[in-house]
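Below, chain A partners chain B and then partners chain C, in two separate complexes.
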Partner chain A sequence: MSAIAALGRLRAAATGAAQPAATVRHRHLSARPLVLVPYVLAGEAFAPLAVLVGTDRDRPHLLAVPQPRDRDRRFAHAAELGRLLLPYLGAFAAETETIERRGDDPYERSLDAPQVLVPTAGGVEYLRLLGRSTRFRRTDGEFAVAEEVPLLGRWSTWLADRAGVPGSSVLLAMTDLLTQAWVTGQSALEDGDLAALLAWIDPPAGQRGDRAARAVEGGPTAGPATDPAFDERLVPLIAAFDEAVAAERAEAAGAEARTDLGPRGRDAEQAIRDALAAELMPTWDRVWRGVELLGALPAGGSVAGRWEADRASYSFFAADLADPESRPQPRVPGAVSAAAQLATRERAQARLDAEQVRDDPLLMAAVRLAGEAFRGGLIAVDAERMVAEPGKKTARPRPMLTFATDDEPLFGPGTDLACVERPDAKARVLEAEPGRVVLELRGGMGGGKAPKPGSVPEVGEVLCWTSLIAEFRRGPDWPAVEDTPWTHGGPPPEPEPEVASDPDDDALEEWS
Partner chain B sequence: MTTVPTGRAAGDPAALAAAATDAVLADLGSGAHRGVVVDSPPGAGKSTLVVRAAGELAQAGERLMIVAQTNNQVDDLLVRLVQDHPALTVGRLSATGYRLPPALVGTSVLNAEKAEALDACAVVVATAAKWALVQDRRWPWAIVDEAYQMRSDALLLVARLFDRALFVGDPGQLDPFATVDTSRWHSLSYDPSQSAVVVLRRHNPDLPVHRLPVSWRLPASAAPLVSEAFYPFTPFRSGTGPGERLLHFGAAREHDAYDAAVDVAAKSGWGLLELPARFTAAADEEAVHAVATLAARLLARGGTTIGERTPDGVPLDASRIAIGVSHREQRARVESALRDLGAAEIVVDTANRLQGREFDVTVVLHPLSGRRDATEFHLETGRLCVLASRHRHACLVVARAGIPDLLDAHPTADPVHLGVPVSFPDGWEANQAVLAELARHRVALSG
Partner chain C sequence: MRTTGTTGAIAGRLEQLRGTLPTRNHNARTVAALAANPGCARRGVLDAAGIEKTVLADRLGFPARYGGRSPFAIGRGNVFEARVKADGGTELRRLLAETLGANPDAGALVDVEHESAGRPSREERVARTRDALARAARGEPDACAILDHPLLPLDVAGRRAYLEPDAMACRVAGRLYVVEIKSFAIIDGSADPGKLASATRQAAVYVHALRRLAAELGLDPDVVATDIVLVCAQDFSNRPVAVVLDVRRELATTRRRLERLSGVEELLGELPDTLTFDVDGDLAGEAVARVPAAYVPDCLSACELALFCRDEARGCGPGGGSVGTLGTSVRGALGGIEDIGDALALADGTRAARPGEEDVARLLRRAQALRTEVLGAEMPGSQAPGIALPRPVGPPAASRAELSGGVG
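Then we have the complex of A and B:
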């Protein structure tokens, strides 16, 4: 925790009111997000119980599984969810712009992309597991499922994968968004509870945040794990549903076997739906309240740039999905793709770290306190300075800038710095002593013999310089999959059929 | 569990070490294996082995590439190579803007940005990052140095360049790290965030693994503790016995806790300067001041070190002292404090960057000093192992009181991942072992 974050927490604890953790919003917020509040059955590895879903705060759709252990109902639920989600997820692919790339073919990038908001980090994991359990299902043969099911699986997998890329905004947990913007006086673990977190940030009128957070304790949880007290109420309802179904089957025995529910079964199902709706609705409202609060914050300057990367990823994925040859994402990545994924994420993290502090003076304050940045007034400029660097014959413009500052930067001579106010400027530290920093301007002056007009700061400018630099680095050239070296197990064998062929043994199916 | 060696076990350490090296070279020469792994504890002659193996392979007419992790490591290796094998044609592949350091100017080392320019060289040395850019070249042999500090994704980028390789490294030092959460790859045998050797051995379990059994750096006072705490299953011993390394200081003048700590360390090889318990930020001002003052005092006391190579004694000057910390901010603050004390020449660095370096006396700011919690970063065994194994004579630790209690309050609670080899030793236990030893050499500094 940075000194600024620690101070924020102390202030929040002392005053009972959440404190700002950022001055801007660091994630994209869609004009039309889709909110998804999932619940799973306790005691099962992954048995979806209910979902509250929709793009309109006033019109949530409740999907519930009255007997979550019944696999037919489970996949019927996945199909139903798919019918709701797929139109939304696919809707953004049609409108595109052409993006030119240096040294590569141009590509089509969608103008917007879907954004799914879940209450907590558990919701991201829910979508990952949903993808894992559905993307390999087949739409023909013994265990056929509706065509929406594997498609939904591939979309959920894309969303959950993308959520792991630092700075991405296609799938976000509301608790993460809120804790990026505000700090509370409670622990990080308690901040993971949406009800308590939102109570701190947005307490009822006239109430302190800490008291409001205490007041919501014991209420419905944001899921996907259920509250044990709710489980106690749910168990008899599911039992009643099972009884009703069994009774109706018995009545119908001898006549034509019926699979749909009779009036008794429908009543039992409705009781479960009512209980779930009451439990899920408070969280639904809280997520939308969070959207309102975050919408009131201005977006950081680099948010749109990162959203472009999300839009590109979306377009590539949508195009791949449309290709009849394409296959579901593999169960585990190969050696080469795992390494490429890690490299991509590390580059995204470095970019995010550098961009966020540039966008946000409060985050920059923490960096300045840690000695990795300083802000100061320019007191002297030697704009005529020319230096011939070792190994170079001609002298290049290297203006010398002297700043006065109260900050205590801890970087020594030779450190490369970037400037917040002048994004093109690049400089290197010549001297740093208490109260005074001398820099050499090295970039952003054009290629001429003299710096281009306006590129050298003038005396009196107050500038912030940091050693956190968002370098654009090209990814390395990974070997082709079939060239995986012996140190990493050699080329992988040909992929095996994804679904076991023996229909008698359910356990043989590829579930993960 | 294997038995732990004592400072002076039976057998001549020089003979033990030579036998181990010969076995490595025999395995290399046999051509029976695609790879050979050598585990080397701190100061066990890893570089000597690399230089010798390079010489033998080159003599056998095999072209050789050497992969190191940093530019400094490349330069250090080159200096050793041209010293020991002056007749060898050696190339250095380097990035634009790199210039040979003074020690290599005027030697036979050929520096180039492109591999084509070095095709005539018997040995080419470069960093892993630079090797990753080389195309259309292949070497029959490679030596991968500091292979435990290399991430497996870096090995994936260079493994296409060689047929066979010798992997050398210290398994006890800091594991490579990633800046993002890596749990999604944890159960993969080719986890890109794991070290190159771990992945190599999971895919090639039959590769011979050798161990260098003698630390020439660590004194008899340190080898048993470091071996037991950080290498519980692969014990090693010190090359020197008790009393072969001596550290003398002039008479104390201040007669304060700093002098007392210096005297304790001179006598026992270890010292703990303990500040009163307190929760602090990473850049704990009092601890930073204590670390800098202690190092400056070491210098001011005019010490002399006597060892097997220097029986007449060598003055303990600033170049023989180092300060080890965990965070860059701590380093910057200690450096600034040293400047105020007029001892700016003393090296201060983080554990990551002290890896592979050697000093006579070290002053260490304990990674857990002043912390409220024991996070994975601060508990990492490699960090403490690096900090506690850089010295030839003595190691002085500065810490806030209460670390054993902190450890007791934070037992390891990391999730266990299926299919992942258990890594030993356990950071928690290693920390306790080191603290138990340090407690015997404790000097309290009143706040």
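Then we have the complex of A and C:
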């Protein structure tokens, strides 16, 4: 941790008030986000218990599973969730713009994309497991599920995969968003509790953040894992529901077997819903309060550019879904797609690191403190300087810039630098000594014999230069799947057969 | 045989510290938890005295958060374990054959708990476990293949604890294997790292107890394998799947920690002779405060006393408490300065650096100068930007309690 960030925590602890960790918001915030607050049943690999979901703070939809171990109820829940989520997720695909690409066909990119907000990182994992447990389900045959179920599974998987790409904003955890913007006087571990984190940042009027945080600790959890103490209260409610269902079935035994709930079953279900609503609502309100707080921060300059990548990914995925030949994302990616995915993430991380520090002087301050950047006033310019580089016949303009600075950059001669205030400018260090840095301007001056007018900074300008440069390199050309080299296992076998013979399918066995 | 040797005077001191406070009944989970934060003297003394810390935490006015497991998790765990062991352990035999190459058909599954009519006493179960262990180690032909619900004695800080592994595989190439059955899922070949680590630590405690038992019987401790068999649920199903895990590292940690428990003489030497924790209210706080703690945020998930220690660590010193409360990464950035107010005074230049602090003082002053350059002066109590928003004016939660059910 840099001393800049550490000082923020110290100051917050000493004053009892959260301190800024950034001067801008580094993630896109949708005008119409969808908030999803999930709970799952403890002890099960993945048994949804309830979700609060919606795009309107005042109209949360509560979906609850009164008996989460019942497979039919579980998939009915997934279908119901699908009916709520799918219209939202698909709504952005229609309006597009055509994007021209050099050396490649143009493509259609949607003008906007969905954004799902969950309370904590556990919510991202929830969507990954939701995707894994639903996307291979069949809509016909013996264990048929509603058509929304596998579709929701593919969307959830896309969201969760995309959340692994640094800088992506289609699926975000509120705790991550808040800790990017503010630093509290408690540990990062305690910041994982949305209630305490938000209390630090936004305490009730007249209260200190530290005391407010302590007051909310131990309250309803943000999930998806429930509080064991809450489970103790839930046990009798679920037992009552099971009893009610059994009793109603027994009563109706003579008549035709009923599958829907009678009045007693509905009452029992309502008791479960009430308990879950009371436990989930505080988190729902906190996520939306977080949206308000974050919305009041200006977005970083490069946020829109990264959102474009999300929009492109969204359009590609939506187009793939529409293709009747397309298949659900595999359980484990093949060698080629894994390598491509890893390369994408590495590039996205490098881009994010470079862009965030450019957008945010507070993050740049940490880079300056680490000696990888400096900010200084231009005290001398040799604009006429021409240099013939080794191996080149003609001399090119290479203006020499001398800066005075209090920063202590650790640049050796020859280090390439980029400039925050003049994004086109490229320079190389000639010498760096305490208080003074001399650069040679090498790019951003046009191709002529003399620098383009205005492209050479003037004496008196205060500029920030950094060696953190995002290099937008094209990824390598990946081999086709059938040409996977033997070093990586060779071409994979034919895609697995359809899910009917899938030994993983929990449809084939009972749930206790 | 008392192996940890808290003898005479020390035992007396520990008893005095404990007074009438209830003692803790250890299980594998709590023994594994002993390994957390070994540098904490307070923990060391309380654990050595065997005090039930939840009770102490209540007396201190900082009740530990609910430490239990969800009844749903317990229920699922029991059902899953029963399923794995059903029908004479058919599933378990298949898994042991797959992972260890055991002969699935040889030998019986012996349930130590239900072998005879009536519920056997703990010592009876221990005796049966010993017997089965000895016969298996000698390679007797009618030794059982799987021992169900064995009971292992282990001396923890001079007190006998009884540990109950899920099962033991007794006849695999002359070695015994601890079998740990957990109902969490291995999905597409990977499991939750936290749950996996906790299962591994627990299994290591069983291996440790079993190796001690073997040594007591005059057997080579190496008849107990340092690999364990972990049985989990596969993907989203109830189908069991097994993996073999090497627990040598966790075993070494457990052993070290248990040995340290008996080495409390030094810690006790620093305490007043008359000290006891068996007092009420503020006095309890004062008594506990006599033993220095080394609070770190990780304690919150490992120690029942953590909330008390956190409050103490936050409240000490001139401003904001101990740097350790903010986590190890913050502490690491401050090069040995332990107090928040102290570090801020250095950063603000209101205090001169003491010898040895010059470098970190310079770093902090530069960092503060940069923060001020970017953010302007940070006044005490200053608010982060963007926070001066009106409070939400939406309808109160009560009027929204009519949560729509489903689509619409």
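In the analysis below, the second predicted complex is superposed on the first by the 498 of 512 C-alpha atoms of A that agree within 3 Å, B and C clash if a C-alpha of one lies under 4 Å from a C-alpha of the other, contacts with A are read in each partner's own complex, and residues count from 1 in each chain.
Please note the rule applied: a contact is a pair of C-beta atoms (placed from the backbone, for glycine too) under 8 Å apart; a residue touches a chain by one contact, two chains touch by 3 or more.
Remember, it's a predicted structure, so these values are computed and weren't measured experimentally.
Of the two partner chains, chain C is the only one touched by A:292; chain B is not. One of chain B and chain C touches more residues of chain A, and that partner is C.
Contacts of A:362 after superposition: chain C is touched, whereas chain B is not reached.
Once chain A of one complex is fitted onto chain A of the other, the partner contacts of A:192 are absent, as it touches neither chain B nor chain C. Of the two partner chains, chain B is the only one touched by A:342; chain C is not. When the two complexes are overlaid on their common chain A, residue A:3 makes contact with chain B and with chain C alike.
Of the two partner chains placed by superposition, A:328 touches none, neither chain B nor chain C.
By the touch criterion defined above, A:90 lies against neither chain B nor chain C after alignment on the C-alpha atoms of chain A. Shared-chain residue A:486: touches chain B; no touch with chain C.
Residues 3, 6, 332 of chain A lie in contact with chain B in one complex and with chain C in the other.
Of all the residues in chain B, the ones that touch chain A in their complex are 34-35, 97, 99, 132, 152-153, 155-157, 159-160, 165, 178-182, 184-185, 187-193, 196, 199-200, 203-204, 281, 328-329, 332-333, 336.
By the touch rule above, chain A contacts chain C in their complex via residues 1-11, 13-20, 23, 41-46, 52, 57-63, 80, 83-84, 129, 132-133, 181-182, 185-190, 201-202, 205, 210, 218, 226-229, 231-232, 234-235, 273, 277, 281, 285, 288-289, 292-294, 296-297, 331-332, 361-362, 365, 368-369, 504-506, 508-512. Those residues of chain C whose C-beta lies close enough to touch chain A in the complex are 65-66, 68-77, 79-80, 83, 183-185, 187-189, 233-239, 297-298, 300-301, 314, 319-321, 323, 325-327, 329-330, 332-334, 340-341, 343-344, 347, 363-364, 366-368, 370-371, 373-375, 378, 380-387, 389, 391-392, 394-395, 397, 400-401, 403-407. Here chain A touches chain B in the complex through residues 3, 6, 164, 166, 332-336, 338-339, 341-343, 345-346, 348-350, 370-371, 390-391, 410-411, 476-479, 483-490, going by the rule given at the top.
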